[in-house]
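Consider the two complexes below, in which chain A is the common component and chain B and chain C are the respective partners.
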Partner chain A sequence: MPEIVLENLVKEYSGGIRASDELSLTIHDGEYLCLLGPTGAGKTTALRMICGLTAPDSGRVLFDGQDLAGIPISERRATMLSQSYALFPNMDVYHNVVFSPVIKRWSEEDTKQLARSMIDMVHMGKKVKNYPRELSGGQQQRTALARAMASDSKVLLLDEPLRALDARLRIELRKELKSMVKEMGLTSVHVTHDQDEAMEVADRIAIIRHGRIIQVGTPKEIFQNPATPFVANFLGRSNIFAGKFVGNDAGHSVIELRDGIRVKARPADLEPGQEAVVAVKVGSTVPELVGGVKDVQDSHLPDTLPDGYFTGNVERVLYEGSTITIETNVKGLGIVSAQRSSRRFEYYKPGSRVIVTWQPAKASVFPMPESGLAQEMRLD
Partner chain B sequence: MRFGDFYAVHDISLTVAEGEYVTILGPSGCGKTTLIKLISGIWHPTEGRVLVDGNDVTDVPLEDRDIGYVFQNIALFPNLDNLENVEYGPRVRAQPLTDQQTTAEEYLTLVSMLDRAGMFPSELSGGEQQKVAIARALASGSKTLMLDEPLSALDARVRMELRYEIRRIVKELGITVLHVTHDQEEAMSVSDRIVLMRAGAIHDTGNPMEMYRDPQSIFAAFFIGETNLLEGYVSGYTKNGRTKVRLRTGYTVRGEKTAFALGDAVIISVRPENVYTADDGLRAKVVSVVFMGTYWRVRTLADTGDYVEYNVSDNHVPPAPGEPVMLVFNKRMTKIFGRPKEGLEGAISLE
Partner chain C sequence: MSLVAAFNRLSDNAGVRKAWLGLVCAIFVCIIIVPSVFVVTKVFTDWDLVSGVLGDSAKMRVIGGAVWNSFSIAFIVTIVDVLVGLPIAWILVRKSFRGKRALDTLLDMPLAFPTAVLGLSVVMFWGAPEGVTIPGLGLHLSPYVMIILLHFIFTYPYMVRSLSAILEQIEPNYETAAMTLGASRLTAVRTITLPLFRAGLVTGITLCFARSLSETGGTYIALTLMGSQSSFFTGPTYIAENGGSVLSGEMIVISVIMILLALFLLVAVKGIIGHFHINATKVWPQVGRKLSRGAAPKAKDGLALAFMVLIILLPSFYIFTYLSEPASVDTSALLGSIGISFLVAGVAVVFDIVFGIPLALYIARHHGSKPAAVLDELVNIPLIIPTTALGLSLALFWGGANSTGAVAVVLVILGHISFTYPLVVRNITGAVEEVDPAMEETAQTLGAKPLQAFTKILFPIIKPSVIAGAILAFTRSLGETGATVAISGAVNTVPVYIVNLVKSGQKLADPSYYAQAAMCSIVLIAICFVLMFAVRIIMHRGEDHA
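Then we have the complex of A and B:
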């Protein structure tokens, strides 16, 4: 329920590792914010500083404008579900979940009702009388999640709350988690490295890397308008091309890749001749069969797709269920991936000649990062 | 395989072709790890045989089976550098020293890790360590590779990159692979064939496209990919022989051709990408709209009381929560199953 402000938080561990490097972030009242980033980015450290388990070397944590320095964990009304959650081994699932309401002497009826809704949410209705040792890792994690939710806090801090669960159950549970948290009006920070999970549950996503927040926005803003090449490839896979900025034209920019290949992207504030990086999501990359019928995927759009930018040979077509991934080998550029509806599975064959295109509005341009492209694109 | 009175896997018959990439997919506790341990010889089955190239290896000890193994928890030797880790296999096979190094370098090249040959495992990221572990498993020259949740401990984004890489490597070498996973996306994108397990038995098997387009059970339809499930009764047949199903409110949909009799209780399964909006159709109200990248996922509550989800391209404006919509299903992509005795909930239970 409170608004949380993190101001220039710095935390350095022994060995000179900066887990938090001038980290600043505002989480609105009642917001569900996902902190998304690769391993070692400083996600857990940020959560620990919010709830008071770790003190920052410098910087401030504020709840509704109040500086929390010196305020003990017990008075912050923030519950953290850590990755190393521990259930009470001598209590069954039900009593673990109602631990906090019982301590706080809630009425029996309120306690029961709360417990039932939390236990239902995590699909543990059949296991209420089981003890932690009788549960699988995933079931223990779900019980711990229910216990954290039932703790009557104002702030919920979740460190990879679904990590121990099977992929299928994770998908089921994340929908329910979001709606339950919103219903309770909690301010929540949910740490994850899973971009699908973040997209589905978050009001806003904060992308964290090397202890710094590099972009904050709604899933749509970050997906469609990434701040850096890393973000472009981290939230939804992207094809990344290095080239030289040519200039802006009517409603789009032009970038020259190797071998005189010119591609279009959104207009950008770069100098002609400047080293640039183009990022286009695999789902927006369209390989059209050379000599085939004009692609119809985007026929409903006011303007049709531009003529293709470069040609290549399809190397592999991977069936993924609702989608397929087409990998095209392009001379001078390497493998270019495209993700399309699986209805087109029979349309592409290894060896098919294709010409690759995309809508300029779906491609981002960045100045070449100083650290170099390979370093910028590292996922871990 | 029996533990006391509990059968971890029961009456399993499976043939894997040479050079085939098979994933064993299923929820926690379905017996998939038990199965792979029986095949590799880590455990001995209570009953049944394991044959490799026609030879019964059931009683052949693990170390003589010529199988490479990669676990979820990366198990490299921390005191050896990456090259030495990969040399381990050739060394225990008593290859000459120079060959050991050549072999190890070959496999490190294959996993694009040769430039880190002199580094120690602790200097690598999780994804890189797992690549070295795969190189080590392959360097012993095994023609069969067991992958037991090899990507589970890695970040989602790294996992996605690595799964394509693993498939490329083993296909280049022509190796037979058994890969255990609980992640249906992973199974879909790497396998030649998926073996779906549930409660200690093989539930369904097929190539990824068959499993997705034409699942043979409600559980398979639900577990692999996403699907909308609605209850109804067979109410007739079209001229083309398609089955008509009457849903709870009386709204009738058409689906695949089936042998169900008039009045049979059935469940229809239709995937979100096969649901569209139209001027007339199943009435529903939008519950939530979530941006998924290249599309919006719209969740609706239909008049029938069922939740029905569909996709809207990111080039379109999605409806707002609360808005009424009319839904139609692609009849060619609407599967029909008999209503199970254990009920729909039981049929899709993950426990």
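Then we have the complex of A and C:
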């Protein structure tokens, strides 16, 4: 199975929209990589350039070091699984699955055997004679997967493969999807805008925005150590604060958000006085009730939380099942959200006075983006 | 097999694909578009002939009168079609009742009637032409009114079809939402649904207008039966009556006027309807509420249905009364002309399909790009040019005016290609636009060559529409008189044969010719019915598969 290298891919559509802007990315042999980004970030364009459906204006696509320019779509052995599944309506499940073997004129014996094993693998044995319109969404999805895997392709390109399914089914199928693809050992690129989906299925995630890759890493790396304020908020919600960098102290840095409000974060390589952005995941933000028992966020950690940085009044408490979200109105900073275990639901009431804190190691610091914070945080 | 494989491999080459598309476009422009409007250049190259006519006020009065008749008739017919077609389209799409399928089929029937036949049938129904023994209503209508009554019949189905096609795409949700927000049904329809109708209105108006402007055979027969074929003209009958493809000043002048006016109107209709604004803030709740309930809507539906039965259906079917006194037919002559008709229609349709599919694919798959938009507009041109002028233009372009024998047949085929090609391309474009491009793309990523993706996936999916388009084009070709006559008087297709029978009957004052014409008409109708029936079956099977 090949290693895919995308080298400085540029693609500009009419109207000056840069769907791909010097995009570079390496997908390892046999890896399941999620290309995660907001709508219109250039995810699908990247996928189409890999399989040849779209030709880049400049830059190269390499499979195992071989430049694919001039190699027709049909010979790249990179199969697309589109969000509509594109099951051929004029063929039943069996003929959809054997489309590729038939086109490539494999022996009938091989074809039959391959088809049977693929159809069994996706549990569609009872539906071989059904036409696509007679299948449920999940069945269509599995048929499309079987068809893609019966094609001796080395690369599987999944374009929002779960989008058309119901929320519950989507969650169920994504595990199944990954395990089947991994079993085949294919190099896979899975495009999605759903962070949870990416976190769950990806070996590595590549965050794409405005046609560029912003960060590549395992789900844990990106979640814990985002490269930009945008990533911090896109992969797991964050509270984002703008302020001035004061300096590094023992094991942490200090940033002044407003006069008198100073917060602690990870040590950072910034100049004192420089404009900075602090990002803290809502799950790491702790609102402690003023006058309540000392709250400890992670009881298994030896160090307790630092004293609170600023105070505010609880405005809303949302019950989400296993978690609750507490929205605190802080004078001068606006709403600060915190996600906690729902065991604490009783403690928080609208109007409660809280003091907000977090562990310095859980807060990232970035230099202020040139385009401004509002522009940086836009989701479109 | 290896040949197929070679073609498949060839289709991988982007250069080859471009070359093939270029060839198709070249054929489209050189064989269909340019010959259709070639006559316009004659204004410059044969100015002497033209200026001679322009200076002759007597001739110009006749020409002006003919053009005026054509356009005013087309205008009246189209407006009335909109008014009475809208309620019927509404009933067909939004209401469900027993016999809806039957009404639907009945509505398409006039499309299966060659217009020449309708000319005979309509005059028999409304008037009492001399020598026709079948009793009619016996009204003494002026030629102008009679032609309007005739033109209703073959334009009406186009209008209803265009309107219902759009109406089907407009979700009733919009109206329901407007009504839950407090609008009466009438106000909801007027302010919400009607403005969404524009596209359908443009198509419907263009089709009706063009059809009415073009029609030759039926109009000519009606006028002949009334004895006014040399005193009352429409544009096309003027060309047909005055010598077909002979290059004379009159022919050039009237053709050019007709072509330019038709093109101008097409643009104007698009512009006016596209920018026409229905004021949604001006409402009359009381009036709207009153008109939305009780007798008013029922009267509207009733009148529309009455119009359909009395003006459209009864006169078209009246020809069948001739079955009560069957006349003997010159079988060999009829069979001969049927043979020619089938040859012309068959070859034209095959050409349409082979060269229409690539163009339709291009237009459908490059929606929004400039060249595709231009081609999309160009395709309409042969559809709106009056076919008689188109035929004349074509004959002049190929230099085959007054040719005979095989050359004439080839020219007639080319002429029929011109006005049937748009029908096929339209149908296929519509079908391809419905198909998710991901189908072919996925097929290619699975290892199919571009040509294989087309033959194995796309073509099977759009096949019902291709066949439907082909049969539509076939019946249209079968019923065409004007273009055939204008290209060559020597090619005796069935409608031309019927026109000639009626002509002889009038000249010799021998009613038996009328009976013979009627019998031939019935045979032609029967053939067209079978074909239309085939379309329905194919389309419905397509629906079940979708």
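Everything that follows uses one rule, which is that the second predicted complex is superposed on the first by the 329 of 380 C-alpha atoms of A that agree within 3 Å, B and C clash if a C-alpha of one lies under 4 Å from a C-alpha of the other, contacts with A are read in each partner's own complex, and residues count from 1 in each chain.
Rule of thumb we're sticking to: contacts are C-beta pairs under 8 Å (C-beta built on N, C-alpha and C of every residue); 3 or more make two chains touch, one makes a residue touch a chain.
Computed from a prediction, not measured in an experiment: that's the story for all the values here.
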- Query: So, A:78: does it touch chain B (first), chain C (second), both, or neither?
  - Reply: second
- Item | First, second, both or neither for A:86, with chain B first and chain C second | second
- Query: Touching A:358, do we find chain B (first), chain C (second), both, or neither?
  - Reply: neither
- Message: I want to verify the contact counts: of chain B and chain C, which reaches more residues of chain A?
- Response: B
- Task: Name the contact category of A:319: first (chain B only), second (chain C only), both, or neither.
- Result: first
- Query: Who does A:237 touch here: chain B (first), chain C (second), both, or neither?
  - Reply: first
- Regarding the shared-chain residue A:193, is it in contact with chain B (first), chain C (second), both, or neither? first
- Message: Quick one: is A:157 in contact with chain B, with chain C, with both, or with neither? Answer first, second, both or neither.
- Response: second
- Quick one: in the complex, what on chain A touches chain B? 38-39, 126, 136, 138, 166-169, 171-172, 179, 193-197, 199-200, 218-220, 223-224, 234-237, 281, 283-284, 298, 300-301, 318-322, 325, 339, 341-342, 345, 379-380
- Message: Applying the document's contact rule, which stretches of chain C touch chain A when the two form their complex?
- Response: 12, 436, 438-439, 441-450, 452, 456-457, 460-461, 545-546
- Item | Touching residues on chain A, where the partner in the complex is chain C | 51-53, 72-82, 84, 86, 88-90, 99-100, 103-104, 133, 147-148, 151, 153, 157
- Task: Using the touch rule from the top, collect the residues of chain B that touch chain A in their complex.
- Result: 27-29, 125-128, 155-158, 160-161, 164, 182-186, 188-189, 208-209, 212, 223-226, 271-273, 288, 290-294, 314-316, 350-351
